[in-house]
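The same chain A turns up in both complexes below, where it pairs with chain B and then with chain C.
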Partner chain A sequence: MPPLAELTQLIVFALLAAAVLVGAIGVVILPNIVYSAFLLGGVFLAVAGLYLLLNASFIAAAQVLIYVGAVNVLILFAIMLVNKREAMGASPGVGLRRLLSSGVCAGLLLLLLRVTFTTAWATPGPPQIGEGAVIHLGEHFFSDYLLPFELASVLLLMAMIGAIVLARRDVLSADIATGEAVDQGLIEKSRTPLLMEKTP
Partner chain B sequence: MTSLSVPLEAYLTVAASLFCIGVWGLINSRNAVRVLMSIELMLNGVNINLMAFSTYLDGSEIRGQVYAIFVITVAAAEAAVGLAILLSLYRNRDTVDMERFNLLRW
Partner chain C sequence: MSSTFTLDLETGFRGLLEAGGIGPGVSRLIWLPLPMLLVLVAAVVGVLVTVWLERKISAAVQQRIGPEYAGALGILQPLADGLKLLVKEDVIPARADGLLFTLGPVLVVVPVILSWLIVPFGQNLLISNVGVGIFLWVALSSIQPIGLLMSGYASNNKYSLLGGLRAAAQSISYEIPLALAVLAVVMMSNSLSTIDIVNQQTGAGILSWNIWRQPVGFLIFWICALAECERLPFDLPEAEEELVAGYQTEYAGMKFALFYLGSYINLVLSALLVSVLYLGGWGFPLPVETLAGWLGQPIDAPLVQVITGSVGIVMTVLKAYLLVFFAILLRWTVPRVRIDQLLDFGWKFLLPLALVNLLVTAALKLAFPDVFGG
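After this line comes the complex of A and B, so read on.
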């Protein structure tokens, strides 16, 4: 192994890690949520690059397809559907809350880093199988991880049906007074919201 | 096959930082969509951890990659259901401000 390859690996890792961390900080603190959503896509892509660096090309492809292609697009759709520019009123004690939560998160980070650097990891582990990973993944899915694999498919079906039921609006229902069918989407605009504002 | 010149601790550090940024965003976001994005960040941090352990400590069996696939599946389902709940909440309350979702508060 020439040292050039190792150096390249280190440089690529540093670039990807910087992209992940800067992008993630941008996602949580940028005021415009559309920028946040696009930065989130960048974070997902950088994480896929990290997976490639870890010799896991199949997971990297799945990450790009599922996260960038599905989840991020879904989030962008939600932002466009909920396109209300509202000035969020100031709430009491927000400064104290930020301070406290920053302290908690920094403490958690310190704890995790301490565990990371004090544990004697058993590296190097067993030899890697590299590009044979896809074959190995398939064997795992259809032998010792068969039950979770099938349960995941049931979970996806449940999530799909649940999302449709929760988000649909045009339920045909019968009017209580007249008994004739009414479109809920038409009457929804004129009535008051179902869940009333709770005034403090 | 390529050797791994990046130490395992570097991946774990990135993953821990990503998770903590996600927790911070989860607590401090007022916009409900941003809360969902923070959850995705946390799930990605966990996934980096799983993948790093799978490659460094379990290179011949890669069970961590199997778990990463399951985490990605659950994350996709969570995003779909979460955004559906968010849309119906927005339809009923006409806001996405987390401070005003106080219906279940005493």
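After this line comes the complex of A and C, so read on.
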């Protein structure tokens, strides 16, 4: 590999790694939840860039499609549809809580760092398959990884049916929160009509 | 084209530089930005032409004349429009979120321009023949709704927010049938690469184009592409009678121009991809090999290669602009659908249809491997 390409790879790796780290810290720290959600999209994109740097272009594209295009958009949707701007009052013992949570996080970080430094990483790793990755992934999905693949599909199907049942109130006989009888037809009838009848 | 000599500009250009005493690394560095610049210019010129076509065709549909003073037949009108937007004041509303407001249009335009990476104009005439090819476009086009949500939210305006939410909902709904329609084509050509997809459609000229084997997929793809581009009858995110201009309401000057540019680049790109996926890409209705045989010319002669290369570019652009013409005609012919009709149509009709199309294609591929790709 010519030195120019190696240097470019190094610079790109440093930029992407910095973007992932700064972005992830921003997601956690920023007080505005909308900024956090947008930054999360940026972090996902930077991770896709890292995959690209590892010659795994299919995984990178799938990362963009699923995490940025679906997961992050859904998060944003949820935030914007429930856009309650309530001022967060100072909850009691906020200092202690922050201390505790940062302690847990620091412990986790130490644990991960220890694992990273004590593991005997096989360098260089297995040979890159590059463009042939799609075929290999497909073969694995339909042979030795068939069961996890199918289980994940069934899990997703269950989640989807559950979400539809929750969203369609006419299937439920009673509201989950209030316990009152709910019927979609009744709700629609009880609404005030948009055009009032003209009084003579 | 499996000939020994094919039109390869990179080798030729770098050979020329290296003959002049420039190292291979530097010549590669000089070469790299050239195709990107060329495609960027092509995309912008494509947009100018499309804007002019839109104005002229809409005028013809409504029995008007349309722009006529700026240049012959008003051909310079889009340039004048662009210049006007360029020098307009760039307003950011006082209560808007300045950072997200600026970032939104950028996030809308950049993925669209990046997608031009995979559009082939000939055997070697594309920026990069990446292995994931068409999947890259599907993935990149899913970034756009984030930019739309961002600009809708940052405008701090209820119409903008509604427009952004509608755009994202529409984009997510129509992405799935779109990807399934692409998947059926990919299954037939055994590759995600746009070059392989076109090569699989050459051989018998117009008869081997995918539109004959994937008529339903073609319709699904075209409908979904119109919905992704927010063209009528699917322009709900900017429905002017309901939402002023949707997520664009608060934008002015260059930021508005970015949205405008993005939507038209996306339209041209979608038309180009329809021609690549279903209409044989750069292929001439008669196979060029047969034509060269009739004229008694060897297919790998340099002059013949240059001519076939030019014919390929002309064919790609011609097919794409035919589709753009249909899109413009549709815009001024059909009424807008309602949001519930739009979502019902996407989820309850197009999605099952695309799944059935995929299943039938798989079955046909197993039954007739000669016709539907082995």
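The working rule: the second predicted complex is superposed on the first by the 164 of 200 C-alpha atoms of A that agree within 3 Å, B and C clash if a C-alpha of one lies under 4 Å from a C-alpha of the other, contacts with A are read in each partner's own complex, and residues count from 1 in each chain.
Note that a residue touches a chain if its C-beta (ideal position, glycine included) is under 8 Å from a C-beta of that chain, and two chains touch if they have at least 3 such contacts.
What you are looking at is a predicted structure, and each value in this text was computed from that prediction instead of being measured.
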>> Taking chain A as the common reference, can chain B and chain C both be placed on it without clashing, or not? Answer clash or fit.
In response: fit
> So, A:Y145: does it touch chain B (first), chain C (second), both, or neither?
Replying inline: first
>> After the superposition on A, what does A:V28 contact: first (chain B), second (chain C), both or neither?
In response: first
>> By the touch definition at the top of the document, which applies to A:G130: first (chain B), second (chain C), both, or neither?
In response: both
> First (chain B), second (chain C), both or neither: which does A:L4 touch?
Replying inline: second
>> Tell me which partner touches more residues of chain A in the superposed arrangement, chain B or chain C.
In response: B
> Touching A:L81, do we find chain B (first), chain C (second), both, or neither?
Replying inline: both
>> A:V64 in the overlay: touching chain B, chain C, both, or neither? Say first, second, both or neither.
In response: second
> Between chain B (first) and chain C (second), which, if any, makes contact with A:A19: first, second, both or neither?
Replying inline: neither
> Measuring by CA atoms in the overlay, how small does the chain B-chain C distance get, in Å?
Replying inline: 14
> Both chain B and chain C contact which residues of chain A?
Replying inline: 58, 62, 70, 77, 81, 130, 133
> In the complex formed with chain A, which residues of chain C make contact?
Replying inline: 25, 29, 100, 130-132, 135-136, 138-140, 142-143, 145-146, 149-150, 153, 161, 164-165, 168-169, 172, 175, 192
> Which of the residues in chain A come into contact with chain C in the complex?
Replying inline: 2, 4, 34, 38, 41, 45, 57-58, 61-62, 64-65, 68-70, 72-73, 76-77, 80-81, 130-131, 133-134
> Within the complex, which stretch of chain B touches chain A?
Replying inline: 1-14, 16-25, 27-31, 33-34, 36-38, 40-41, 44, 47-48, 51-52, 54-63, 65-66, 68-70, 72-81, 83-88, 90-97, 99-100, 102-103, 105
>> Touching residues of chain A toward chain B in the complex: what are they?
In response: 1, 5-7, 9-10, 13, 17, 20-21, 24-25, 27-28, 33, 36-37, 40, 43-44, 47, 50-51, 53-56, 58-59, 62-63, 66-67, 70-71, 74-75, 77-79, 81-82, 84, 86, 88-89, 91, 97-98, 101-102, 104-106, 108-109, 112-113, 116-117, 121-130, 133, 136-137, 140-141, 145, 148, 152, 155-156, 158-160, 162-164, 166-167, 169, 188, 193-195, 197-198, 200
